[in-house]
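All remarks here apply to the structure that follows.
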Amino acid sequence: MNKLIEKATSLLQEGVVTKVIGYEEGTEKPRPFFCEKAEDTSKLIYNSRCINNLAVYLTKPELLGTGKVAVVATLPTLRSIVQLAFENQLKEDKLVILTVTDSEEVIEFAGFAEIETYLKDFKLKIDQKEQDLIDKLEGMSKEERWTFWVEELSQCFKCYACRAACPMCYCTRCVVEVNCPQWVQPWASPLGNIEWQINRAMHLAGRCTGCGSCAEACPVGIPIDLLTRKMMEDLGEEFGVVPGQPNKNGNVLSTFKPEDKENFIR
Amino acid sequence: MDNITEFEPKIVAFVCNWCTYAGADLTGTSRLKYATNFKIIRFPCTGRIDYMLLLKAFAEGADGIIVSGCHPNDCHYTSGNFHARRRWVVFRGLLDFFGIDVRRICFSWVSAAEGGKWADLVNSTVAEIRELGAYKEYQKVAGYLEKEECNE
Amino acid sequence: MSKIGVFICHCGENINGTVDCHKVAEEIAKVEGVEYALDYKYMCSDPGQTLIKQAIKEKGLDGVVVGSCSPRMHEPTFRRACAEAGLNPYLCEMANLREHCSWVHEKGEATTQKAIDLVKSLVEKVKRNKPLVNIEVPVTKKALVIGGGIAGIQASLDIANAGHKVILIEKDPSIGGHMSQLSETFPTLDCSQCILTPRMVEVAQHPNITLYTYAELEGLEGFIGNFKASIRLKAKSIDEKLCTGCGLCTTKCPNKKIPSEFNAGLGTRTAIYVPFPQAVPNKPVIDKEHCTYYQKGKCRVCEKFCPTGAITFNQEDRIITEEIGAVVITTGFNVLKTDYFPEYGYGKYKDVINGLQFERLASASGPTYGEIRRPSDGKIPQKIVFIACAGSRDPAKGIPYCSKICCMYTAKHAMLYQHKVHGGESYVFYMDIRAAGKNYDEFVRRAIEEDGVNYVRGRVARVYEKDGKLIVKGVDTLLGAKPVEIEADMVVLATAGIANKGAEQLAQKLHVSYDSYNFFAEAHPKLKPVETNTAGIFLAGACQSPKDIPETVGMASGAAVKVAGLFSQDKLVREPLIAVVNRSAPPIFSTCVGCFMCQTACPYQAIEREEIKNRNGEIIKTVAKINPGLCQGCGTCVAFCRSKSIDIQGYSNEQVYAEVMALLNN
Amino acid sequence: MRIGFYPGCSLNGTSREYNESVKALAKAFDLDLAEIKDWNCCGATAAHSVNKDLSLSLPARILALAEQQGFEEIVVPCASCYNRLSVVQHELTHDEALKQCVTDILEIPYNGTVKILNVVQMIEKYMQDKIEEKIVHPFSHSVACYYGCLLVRPHNILQFDRLEDPQSMDTLMTKIGATPIDWAFKTECCGAGLSVSRTDLVAKLSGNILKDAADRNAKAVIVACPMCHSNLDMRRPAINSYLTKPVDIPVLYITQAIGLAIGISPKELGIERHFVTVNLN
């Protein structure tokens, strides 16, 4: 792991960056760590247990400050970074993006383009547990699915942790805060919760990179990531959308092909 | 077309101003008849139609929805309908995964010349929705708390 | 607390026959915010409108709903009425009680109830309407015409004569286009150049027209009334001020073997050249690709002989930018080359030529001075075969459409041949004769009946050479599909008219759409034939689809009128029903997060990036901004925007939301 | 190199010499042509003018058998068979439903994975770069390469050579020292199946072909189709009675021409089976 610590130390010592965003050991699991002093770099860790998507901090100027910032990025984080960059949310010159390979080598990316090429070698895989659940749901009848979600979402108390954890939810004003008109019931209620999740999913269409942070963050453990994961699969099949490889023409919902399917239109 | 005896579904249609709205006008001028429990809302283009409006309509007690605009390549704004079509492909998939009854949303292309098609579409939709009955599942969830005034 | 006025129209019995209009008015009067409601026989009539105006004044209404016919019918009427009474016209909405209610339902409770619901929902909408002012965009009264063929010439002259400035650019050294290459023109057989050249000269001399030849469009930005065009002036390698056009250089240039574009490859030209004697401007250019000096670094013969020292080898391309208010695209067409037809001899037989080449042979200014001679040996063909629809209407060649002009020019060619080669035999193989047009069919009949051209209805399967003859194997479908074989001396293919080289790239530069054959697309096939779907950019001539001279000239004048109409006002006034990106107080400035995906959704390139700067001029935030000149108000961006930072005036989220809600809860 | 071989009816009947010469050539270039077991008629023109299912199933069965017997490639010398097999393969790959219905009829799995080669393609793929070194006596004659209608049409399906002015045979001929003439009848119809019913028409159509070849003094006509061959060769009496000036140009299969050049005995190539005697140098 020391390669990463070396790198971080040198970056801080040479004053290339003002802070390194990475992971440190937490009480139960690794947690995000904003390392600002060279002497603290020893705390930095990186392993398969590091799952928070650190890209979420990169859209928060108040956290980044004015200086250059380094971030230790996992694969999902890299995908998010590429997507954010495509959506004009990141300043290339203000970021040092690092990742650690299986052989524990540290890679520093020259730019976003380089990340994209790097990502091409890693096919996004949905882990079996999730896939099974998706298949289970698809196996169900419409009514069963509906009951499943209504029950799951009846636990939701609108803490918006899912939103806070998602790197793609960077709007200054989220749709749920729009009140003329009040698109989404603001209070926690089955309808409001459903409306919120549908909005969330629609807003993540072609943008979700499947990091799973949303579900991870949910205090009551609602498998909301299934929505976006399922959508990711569909969009992949329908329009060839690949997470972490944005289509330069625009978002899946802001573009079209004349030959898009319309078998459902009368 | 007036069998008031049985259940009368509430149906709204979101249509574009240039093709379907005009088509519906033609239905009128041709004096073709359809059920009264069916109302049209005018939009500049199908591209303008927000998927949230559909959900809101269900929450507000709609049993069925028609979304209709210009045929491909006829869009007054050249590609609004193409964008809409994309949106509906994605939205339908999601709704279905949610267990929301996509049969209750009928998408169609109706041109300004297709007054007849519009009448048929409305009548068949009304019939189908009548078959399906009121959209209780959704309304139950919507009415979970006594209805609040959502606008304002 | 709003004061809405509701006016229910009986439309005679049209509405009142099935809807109880009075009841509707009564019920609506009870709705919160409705100040005044009444029903009347004919709302659109003068007394009807007066009722509305009075009510607005007396009751101080701040919103009006008229329940009558379709808004597509009378919305302008009632909005005007409101405006006259001092109410902002966009505070008036219409409920469609006729086409969408009374005419489609039987008389009865339900129908009346629906009418009430419809009006109610519009009342809720109107409560949220905002007064809107029409958009005014300044107009630069200068037009850019791209392409100096007959279409461009006509359009330029018409616009210029209407008193507006015109910039005409032409990629070749001279204006004139294909028409200048033609020999005679159907159906009158008057000499093409004789009728064209005066207009070319007029263009050159017109005070309102600036002509740039040897020039191409680099790029275009901006929007209707306010374009900025950058134009590349290709280096001519001569100083036009010094050059007198004496033409000595062109006679001295040692490099004489270059196939002449003007003569469709049948003649040759020099490296420094004037494309044809009547060229405008009549000054040479040096074709760098073929100039010995430019290629090998020595020669400069022209420079030695030029009496005025006008040759300037060091010249470079110049790029100029012009502010313009409208664009007319008149880039014309081209014809398929014969080598597209292996079965007709692969362009491997010199004497299989295309229609344009025949024009040159038949033209007095052509390589043979108007005598029909074979390119191979200069002999006069005693038997000639014309093949119509060479490529056209032939999906196998990828061209299912009809090129429209071939039937006529083929008849003309055959006629000219008969006139020039006495005792010559001519055959025309055709699918159908399409001679729709004033004096067109008569013209074809003349070719057949008076000039004795043999018309054979059928396709030609193959052309091959044998003992110096071109054997044309075809079929005569009018004689029981009897195979025909003709030993011809020359074969002329009426090759399909196709889009000009680079049309696609130009379309993309201009953001206008084009069809699958790269012809530019008109905004509406019937009602907007000279407009493109980009406001302020118009079309004329064969760049839209193959067409003949009269049609082209008509279309050019049409486009010119559109431009003149646009230029007739100082400001462009448009309905304000367009999208707007919200703005709010610092530090937010706008809820737009600047993902700019909306840009990719807009069909009109109407969304721009606005940089919000602080006092020191540092960029704090970059947000989307709608260009009111370009936005057409489809609202696709509105539905797409995740943070709901874009809204559309007249169909705002609040308005439609309220409308839906009101419609559903009764 | 083991490749499937589908002779089809003609190669066991009217055009045995074609069969023999293909085999001989294969041997010379040690190419192992294994006949598809239990093969059936391709249906040719007859089937698809009477019954669509039949016209699809017959060729499909052949292809299915080839798959079953583990062939990745099959050589189909008869232009008509080649045409039918390729067309059916194309139709089935582009219509799932149709494919299903045909497999149901066959009751043999069909995937359409087999690659179909005509003789020219076979030579191009496995022989052409070895031809020159093998030549013992160059075939130094001017020849008219006659492709016929089935070998190159329909182009969008076969994707073989140029539709209107094919070149593949001409190129191969130059390799054995021949000079192909530039003529206009490369892909004209020879009369094909009308051979029996309307011999007069065949005489006319084939006559024109031979006449042009003769006028451009070709010393031999080179073909790759049994039908063309039998019309140009067997119908010569009829043809000559149609032509004012009789023509005695021999008609050789491309395999025979190459065979002769690389020194295979005329007997082995079945040259003596022709009606029009072949006496070149």
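Chains: A, B, C and D, in written order; residue numbering restarts at 1 for each.
Please note the rule applied: contacts are C-beta pairs under 8 Å (C-beta built on N, C-alpha and C of every residue); 3 or more make two chains touch, one makes a residue touch a chain.
It should be emphasised that the depicted structure is a prediction, and the values quoted were computed from it without experimental measurement.
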| item | value |
| --- | --- |
| Chain pair with the higher count of C-beta pairs in contact (B-C, C-D) | B-C |
| Mean-CA-position distance for chain D and chain C (Å) | 53 |
| Computed distance of Cα centres, chain D from chain A, in Å | 62 |
| Distance from chain C to chain B - Cα centre to Cα centre, in angstrom | 36 |
| Interface hub residues of chain A, defined as touching at least two other chains | 180-181, 183, 253-255 |
| Multi-chain contact sites of chain B, meaning residues that touch two or more partners | 51, 56, 79, 83, 87, 150-151 |
| Of all residues in chain D, the ones touching two or more other chains | none |
| Those chain pairs that satisfy the touch definition | A-B, A-C, B-C, C-D |
| Residues of chain D touching chain C in the complex | 162-165, 183-184, 188, 212, 215 |
| Complex interface listing, chain A residues touching chain C | 87-89, 170-175, 178, 180-181, 183, 203, 249-251, 253-255 |
| Chain C residues within the chain B interface of the complex | 70-72, 96, 98-101, 103-106, 108, 110-111, 113-114, 117-118, 121, 513, 533, 577, 601, 603-604, 632-636, 638-640, 648, 650-651, 653-654, 656-661, 663-665 |
| In the complex, chain B residues that touch chain A | 51-52, 55-56, 59, 72-73, 79, 82-83, 85-101, 106-109, 121, 137, 141-142, 144-145, 148, 150-152 |
| Interface residues, chain C side, partner chain A - complex | 588, 591, 593-601, 622, 640, 642-645, 653-654, 657-658 |
